[in-house]
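Take a look at this one; I'll ask things after.
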Amino acid sequence: MDYYVQTLVDGIAQGSIYALMAIGFAMIMGILGLVTFTHGEVIMVGAFAGFYALTFLKTGIFIALVAGFAAAWILGLVIELICYRRWPKGPDETWLITTIGVSTVLKSGAQIVLGTEQQLVPDVYTGFWTFGGVRILHIQVFMLAVLFLLSAALWLFLKKTKTGLELKAVSMDKTAAALLGVDVRRILVVGNAIGCALCGVSGVLLGVYYNSVHAVMGGSAGLKSFASAVLGGLTSIPGAAIGGVLLGIFENVGVAIFSSGWRDVIAFLILIAVLLVRPSGLLGRKGAEKV
Amino acid sequence: MKKTGFMLLAALALLASGAVAFAADTVRIGLSAPITGNYAEYGENFKYSVTMAAEKINAAGGLLGKKVEIVVMDSKGDPKEAALIAQKFVQDSSIAAEIGDFTSTACLAAAPIYERAKMVQLSPTASHPDFAKSGEYMFGIVGTQDAEGPFNVKYIAQEYMALKNVAVIYINNDWGHVTKDRFVKAAEKFNLKVTGEQPFMESEKDYAAILNKLRQANPDGLCVAAMYNEASLIARQIRKMGWNVKLLAPSSVFSAKLIELGGEAVEGIVTNTFFALEDKDPAVQGFIAEFEKVAGRKPNLHAACAYDSMMMLADAIKRANSADRTAIRNALAETKDFSGITGKLTFTKVGDIERKYKVMVVEKGQWVVKKDYTR
Amino acid sequence: MNDVILETRSLSKHFGGLKAVDNVDMIVRSGAIHGIIGPNGAGKTTFFNLLTGLIEVTSGTVLFGGNNITNIPPERVAEIGMSRTFQNIKLFRFMTVLDNVKVGFHTRTRTGLFAAVARSATFRADEDFVTERGLELLDLVGLRKQAYNQAANPSYGTQRRLEIARALATDPKVLLLDEPAAGMNPSEKSEVMELIRKISSLGRTIVVIEHDMKLIMNLCGVITVLNQGLKICEGTPAEIRNNPDVISAYLGHSRGA
Amino acid sequence: MIAIFRTTQRHRGLSILACACLLLIVPFVIRGNDYLLRIAINILLYSVLATSLNIINGYSGQFNIGQAGFYCIGAYTAAILATRCGVGFWIALPVSGLIASASSVLLGIPTARLRGIFLAICTLGFSEIVRLTVLNWIEFTRGPMGIPGIPFPTVLGYEISTNFGFYFLILAIAAVALFVCFRVLNSRIGRAWIAIREDELAAKSMGIPTTRYKIYNLAFGTFWAGVAGCFYAYLSSYVSADSFTLDEGFAILCMVLVGGPGSLVGPIVGAFFLVVLPEMFRFLAEYRLVIFGLAILVTMHVRPQGIAGGGVFAALAPEAAGEGEKGAAS
């Protein structure tokens, strides 16, 4: 029994990182309707920013999170400029190529600038609680807290601020929003930056939780965030969060039931199954399949 | 369509101009390694080591009275690129032999091309049992898992660590798979109980679920068949989950990086090696100092093997007294008791090395050699 | 000639609480030019979508030549013999004008993969047929000269005529026209009116949605009036003109007749 | 450049002839150089792959980014048939295509109603599922060990063992693929696919069973990916899952989009550029991929419709839009 509870706990912890990535992703892809494949590399850059803050500047974890946030935000501005500015209306395929291009540059550039070796990220919050045979690490709770706080902040931002409301308007209908006097370009810039920044934070957590950063860490991270966001419904922030946590749980429980080699297969099968049953994802807006 | 044609011609001309003949006053050795992509870290080590070796040879007067020149090509660790590089090398008649690639899959994809062109492919790291067998011109010097597996079971797990049962976590690529396979087979032979075996994906960072699963059977020891990068993270996660299992691993974990990344978590991990940083041999110490100067880090096993690869090739060329590809192959195959920094090296009939392993442990943040076996 | 070809019985479509089409009974007689009018939001286009299977019927039935065709998929509707144009033009923009019409012949040709690769007799017969008849249709709508232009290029009126030609290519017994004259100037409008008459004279039944009262009154033998999803009356132009319900429906809305 | 294009469009028969001559002469010119021959082979191989994806993405407007999965299925089918069942090349070739095709139907039946990015995600997931299954189904595929020892193909009694031979083999395959695609695209079926790309609802209303035709399109496109996979297996005589990662799929997609989707020439131009560029940059060592990425970005900024693409994004191939009412010469 303990075994399954422990698996669940680890799954939720892993899922909370996925969730944060997925929220950033849902922001860009679901709400703004921009296709992106630079995602993994944004996570990597965020992770390295956090790593440098922690290791060389000896700042605390909070400053590291801010550093990841800021670095990814700036990167988000650059990405918008290179990948989207010229083609605000798409098509999807163009964005796909430009973002793949940027992602290639970032990944191989990072290997040149930041080195090819895996780097050690020092531990923060090494303590744990024990409940019977189940061990919950402080860092796991911390990650969940960060997830909750950032989701709540984002939710408030979307609900209460003018920019947030404009964001929602753009997500419904870009043309109509423009007619209502919304500066669509500004919203795209801001929204993309926010999405990237959240990914940056998730990158810092990724580095801290697994004690490592690596120039090529973005590949699988990007794929996972993609899957989580779709699972939860691309258009919904809480959906993405839940999708991320669910993916974490699926993967861990999947290993408990099947061999671990098949765990990504299971994750992708569930993803496809969800898309077939509910194309709009678990919590997505209905009619999203008419994209 | 016509445009395509024009550009084809233009590009071919450009490519050809890059591949024209070179002055014959050098002996050129090709190095195919992942300089970019996911294995860039390992490819970089290759590049540093092989270049260092070449410089050393040149400082000592070169080969056949000529300078050695290394031609580095980036394979990204991709089998297709490795095959293309193979074509480029065999095409260039000034290149005498090739060192590389890093992964066994890349080596195997390139093997038929080298074999057909009768050019040596000497891989510092391919431990796939099929690799050296795949042709007369294929040589591997890291030693195959056929030998390492039994050593790990008999001497490390049973004799040194006194384990009764053991679980295996392995990386899901050809190397990890073979390592696991040979380890489990040897365990059967020597009556070591294997309580579980689980693979993980190369890009995976979260091993908690797999470790929890393996923990269920409560083994005494855990064999971590992974590179040092993953092994250090696995060790950390094991300690975080409060599991007091003894760790052992194949020689791939031997690197200063393991201790740097793993910290206290890798304390006590046992592995085998044929190359030790504390080896008193001046050649080894010289290599280590030199490597640190160039790369800014301590060399690992791959780096040492790459260095030896170049040195062995040079030795073979000297004995052959020719830069002819087939002559090099024949001389290389006859290599006997070559004293490299990774020990005395003799090729088997198929072109592998039979290694002599030592038990090595991490103690107080240092790699410490324990016993010397001749198997 | 006056047998019923298309009939709806208590046809309804509800979107949540909104009754876009509510219990509409309608009979279209073979060979007629049947008009459907109504203020904006009356449910006319939804009604067309129901007839052609583009959206699912909530309740009620659609009969075509006596057969129940309720909720059959749109591609089957086209095959059976009912074809349409769209209010917001839906051309295949990056195809040529002629190719647009050729697509319309889909159900009437049989070329398969192997026939296409081998350029078999079937293929050649099909292509000849499609090209020849396609050009004829373009002649009919007056677009022959633009056959090899891209469909995205021509003017608004041309695009609407092209849509009609494309719909005709499926050889429909009933042609549904959704605002064929929208956005046109008076001379273009009268051309379209002529075109519709011409098509009708070739023996096809036509159901037309239009806002332009003059056009509808001149063209149609029978007119159905919808308002807020309900059929409020049906009859000859003269009857419609004098029906108090129709007048109040139109006066109740901003858009006049 | 544009002028050249115009000329090529006007004298299509002539330019095809010129091209064919060129392609037939080139191998004799570079016969002694296996490296250049291998690059030429790769260009043709990727031309087939890019064309196969172009049939799907460029012509029916479905958004497939997982072509590597079907390529993988083709390659493994051929490898298993050749090493286990002793089946010859000429049987393995169509069978690989058909199996890839069949698997795409399996994927297509449930996913046909998905659109845009949602379909893209499904194909991406499928591609990964294929790769991971190959990696984990050890009894069948030898898992991460890959399958070595695929024999040389035999054509008309001659064993093809040199790059020179392989060049003509892939040239023939590419020519057949292009020829078949050209004819299918210029028929009722091709028009139906393009109609679906342009406006699915209108296509439906014109009597095209869009779901069936989308699956049909997927099956037809992936058939060629399977064929290419088979050729690759024989060419390298060794297959492993490493060759069919998502990056491989993205590379094929880049070829289509950089070259110009929705035209038959575009993907070939794209394949040419994306095979040759990294080779030309090889001397840049670790900067190679950075420059490569930048080159893609610059291309997209200069010609967002693709190097050889016309129109906005999806302009038709000259043959489909041109004066080819009588099917033109080919």
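Just so it is clear, A, B, C and D label the chains in written order, and each chain counts residues from 1 on its own.
Assume contacts are C-beta pairs under 8 Å (C-beta built on N, C-alpha and C of every residue); 3 or more make two chains touch, one makes a residue touch a chain.
Everything quoted here is computed from the prediction, not taken from an experiment.
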Legend entry - Touch graph components, with chain D removed from consideration: A, B | C
Legend entry - Chain with minimal offset from the mean of all protein Cα atoms: D
Inset, instruction - Round to the nearest whole Å and give the separation of the Cα centres of chain B and chain C. - result: 72
Legend entry - Cα-centroid distance, chain A relative to chain C, in whole angstrom: 48
Inset, instruction - For chain B and chain D, let me know how many angstrom lie between their CA-based centres, rounded off. - result: 35
Legend entry - For chain C paired with chain D, centre-to-centre distance based on mean C-alpha positions, whole Å: 41
Inset, instruction - Would you please write down the residue numbers of chain D that are in contact with two or more other chains? - result: 132, 135-136, 286, 288-289
Inset, instruction - Quick one: which residues in chain B touch 2 or more of the other chains? - result: 36-37, 40, 172, 199, 201
Legend entry - Interchain contacts (touch definition) - all pairs: A-B, A-D, B-D, C-D
Legend entry - Complex contact set, residues of chain C against chain D: 52, 54, 73-75, 77-79, 83-84, 86, 90-96, 98-99, 102-107, 109, 111-113, 115-117, 119, 123, 126-127, 130-131, 148, 150, 166-167, 169-170
Legend entry - chain B partner contacts - residues on chain A that touch it in the complex: 3, 6-7, 10-11, 14, 108, 111, 116-118, 120, 128, 135, 137, 206, 210-212, 214-217, 219-220, 251-256, 259-261, 263-264
Inset, instruction - Using the touch rule from the top, collect the residues of chain D that touch chain A in their complex. - result: 57, 63, 65, 110-111, 113-118, 120-122, 124-126, 128-129, 132-133, 135-136, 246, 250, 253-254, 257-258, 261, 286-290, 292-294, 296-297, 300-301, 304, 313
Legend entry - List of chain D residues in touch with chain B within their complex: 1, 4-5, 7-8, 15-16, 18-19, 22-23, 26, 30, 33-40, 42-43, 132, 135-136, 138, 143-146, 148, 161, 163, 236-238, 240, 242-243, 265, 268-269, 272-273, 276, 279-280, 282-283, 285-286, 288-289, 308
Inset, instruction - Show which residues of chain D lie in contact with chain C when the two form their complex. - result: 180, 183-184, 186-192, 194-195, 198-199, 201-210, 220, 262, 311-312, 314-316, 320-323, 325-327
